[in-house]
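Order of writing sets the chain letters: A, B, C and D. Residues in each chain are counted from 1.
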């Protein structure tokens, strides 16, 4: 075990995989010369060669499209989109192409592609460097979407994503990059795609979250325990698609109370699916209405500190407060 | 003084008489297959068909320069003649038209003419226009990376050249000097939109200069001209000299698809004029002129192709439909599948 | 009042608006020469001139981007995307640009743009001419998304969309085009964006739906009434964003039973938001768990008739059956 | 024989001495403003700034050919000097840098340098690269449709030319011969990606031929050359002759933004070499050579500009922050707003 932050865990895992398997190529804007905007691949162009660490033109659709071609011809491309906010030009290539190649060819072709991209806010990124994009992609059959929140999960899920025969969107919350550290196994451990994880056990209520919000929830749960002796179970979704409904429902049935917390705009966000699933499958196990906390329905978050705070900062207290209310409901 | 026989035009290109006969058979098969498929559509037995009529020469000409089983093909929906050149059989084509379980493209999941054939190196295609262009570049990159001796062919219409993906795909291919050939089958319309409303230039090929590789214009009704341009591009690609953009000027004789009525947007005399350069007749005339076929042979050939098509059609019609429950399969790899297959 | 089908209602309303206001321009692939693939604008290029009925190059991102520019400079563009399945290349222009122009300029600029597009399946369109796209867009703050199911709503909502100062995605279910007819007011009536509509009153349970599925639900409700005397209230969402939660919740509270039906892939579909809203706001008013029926999680629907049926056809019976069960629950 | 004074180069372009003095003041203001902003960033008072250093001549030169209050501007984030030429004040720029409520671009909602100024005709811009290119074409279409005498200017970097939107926007503008000028500020890098990995051509301008309009290459450090090319394009646009693509060869002296360290990807000697053509010095030298300014005047000007900037900075710093609750506003038009504002 080694203590690392999230971005280091990602870097180390990706580095080790590349060293093991030369079918893996990394492509994206500024991944070569500069080693990536978040410095994940510094020095790799020299280490693995320019053929494997490819600085692409500024063209996300082309970048993903080229990666799809590589994936259909024996390579295992890892495409980096510099910021999740800039993945939108590639929407068609991801949704119409990567996600449908296996289905449309009746299983004859596959597309083992990983798309990594830093997402989420709270880092002064304003409207176009703060977006949450999981809701757009988790809805797409044929695509897997994961979003780790801890260094160990980041490493383990990235390895699983690379080993996966189908396209995986790998979302990295920027605010976890350096802020979140933890123990990471030194071996090549895998975290299976499609499995949620109980990050804190509890009995009074279940809080389901993912991404940076997960840490907000863990923090609130820990304070609630200290302050009020309330025991909150915190479930880390980790894999948005496929969604591990079994783990979520099992926890909710045990605690009889559920809340769902996510950073993305609330309405039609990914949390709606989780709430809906609980409502359909476990409604009569519940002692109180399900609580949903999502971001405000404004385009990502503004730049000015007071405005960004309105989006991100009320959250910790809001989560704490709503947990408290739900526990007493 | 020794007497020397002047070489035939096809001989000068290194094509044997048998090559020409095979090419002619392909062109004719495509045409007769189209006609048969349209009849099936009119009879209500095929919901949707896409005729290639008018495009046969540029498809067979460019396809003939590709190596079956070695090179990689990314056709578009208009490429009914091209996929025959790539090795698909009329039976396989009809399996797609009737949406049968054994349709090699998609098992009846996609509309007909959304080609794919793993064994023949025909990459699965979709409906959205021009998305295959970056794929072609990516495959060519992988070929180069893996030091394979393969060339990628990528076909599309004039309409496709307006899409961002087209620009991004060609640009990437140019930067990395990839072994890929881009073939534009310019029939001067994207459904009803005439070329003048699609671009302010006369030649699509002129855009190649902006990507740092050659663009050539050929008569798309002349199978030999198309072959020659493609062969040259293919040699370039194998020699590591990078991509080529080939623009074949051609014309679509029928509606965009069986759902379209082109009378609303194309003047009849324009269509009639184009038909005077019907690539099937042009090649037929060449065959006769160079004594590669005579009237009897032509009749025989036509009868033989017709027979082949009728047989294929009947067999495909009788083939099993996909099982409804199979619709849920292959969203993701099934347990047996491995990485990168 | 005049009896029309949906596509005729759309054609007439758009025609009248164009005749009234020459700031309105129509642009799209094949809208001019051919009068549109669904023949909405036949003859308009002659009537309104080539400047107002613009056949664009085959480039959806550019098409929407150009329309955005027009909208910012005094015109009222109506952009037609030939099939909803082909809107994906324009995702960035719609999400990053159209939907954010007002917010990012602090209200200084606006983008009065309408994007019309035929969506939905059941017409042998296969994987790329059958898609439902509302879930991708209803989630985007700054964008309005409507989906009428009747001729009168189609005309009234289209007029409201054109009059709206913000971008509106106007979704037209292809299967309603000719199959659904109804009375349409002869005056320039408006249907407000953001209002749901009770299409059938009932007291035993509430069924919330939209698009072609609405008609499946109406049909099942009517059969259930005849067969079993069960009284189903059918709410037509009509406007996915903003969502009229008041009308939906009010109905659910009255009937105490809720089901939500939609054609799109079930998981993370728009119906999840509706179910989640009911679960949060009206859970203790319910006598039975909420029922959700969505399409299977496969990429749109296959071409072969037996496969397409698997997607679309089980639905009528499934809806009927689930209504029956819910009524007796 | 009458004696004739040889016209100055700027005189030959129709520019008065006062024009030149005003242009020089703009160039200098941009430079000093950048320096002041960077200091604020280093002091922790500005989270993020985007220096224009190195691009001043091409921005002021092209901007000068535009008519304030008439023409329409679509700048990109690098265009700190251009927006001054369009009429923004240093105070307004600092309101953006400090994310203040009165920031005309966005009221502090967007990162600094995401320009917008309704009154000045500067269209609101975003971060995603090249999205403004189709907007420029659409605005130009509306101008032509409404028979207005306005021209659209659209600026972007070399990186932007790889995006599909760039292709689609230029293509549309070419087809409709729209009154729009596309200006590429080619500094040979998209962040760290050198031109050779972005395109296989030497000149972006060569791509214009593919869209049916002229492309010209100019020395982006020469304010007069940039002005001349832009003026010519502007005349063409007003005369209904359609778009022009102008490529200004230039260089960025500093990091991509205050978040970037360019030492990891650009050799120092390359940067030093480029600095020898510093557009501020180039223009300063020209001013002296043509006696438009002397040493005293230059000192005075610099002091005056500095004073103006300090004052603007201080006033902007003291301006009110946006109210947190305002973050919920303007997602949609508020009741007072009408259509098409």
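We adopt the following convention: contacts are C-beta pairs under 8 Å (C-beta built on N, C-alpha and C of every residue); 3 or more make two chains touch, one makes a residue touch a chain.
Keep in mind that this is a model prediction, so the values were computed, not measured.
Of all chains, the one whose CA centroid is most distant from that of subunit C is D.
The interface with the greater count of contacting C-beta pairs, when A-D is set against A-B, is A-B. The mean-CA centres of subunit A and subunit D are about 37 angstrom from one another, to the nearest whole unit. Centre-to-centre, using mean CA coordinates, subunit A is 42 Å away from subunit B. Inter-chain centre distance (subunit A to subunit C, centres taken as mean C-alpha positions): 30 Å. With centres set at the average Cα position, the gap from subunit B to subunit D is 46 Å. Among the residues of subunit B, those touching two or more other chains are numbered 106-107, 109-110, 114, 126, 128, 162-165, 167-168, 171, 175, 197-199, 331.
Residue positions 56-57, 59, 61-62, 85, 88-89, 92, 96, 100, 103-104, 127-128, 141-142, 297-299 of subunit A are each in touch with at least two other chains. Per the touch definition, subunit D reaches subunit C in the complex via residues 72, 103-107, 109-110, 114, 116, 118, 123-124, 126, 128, 131, 133-143, 145-146, 164-165, 167-169, 171-172, 175, 329-334, 337-341.
Across the complex, subunit A meets subunit C through its residues 61, 85, 88-89, 91-92, 95-96, 99-100, 103-104, 127-128, 135-136, 138-142, 241, 243, 265, 267-273, 275-276, 278-281, 283-284, 286, 289-292, 297-299.
Listing the residues of subunit D that touch subunit A in their complex gives 47-48, 99-100, 106-112, 114, 126-130, 159-160, 162-165, 190-194, 197-199, 264-265, 321-328, 331.
Against subunit B, in their complex, subunit A makes its touches with residues 23, 25, 51, 56-57, 59, 61-77, 89, 92-93, 96-97, 100-110, 112, 141-142, 144, 163-166.
By the touch criterion stated above, subunit C contacts subunit B in their complex at residues 29-30, 32-35, 37, 42, 55-59, 61-62, 85-86, 88-89, 124-129, 296-299, 301-307, 309-311.
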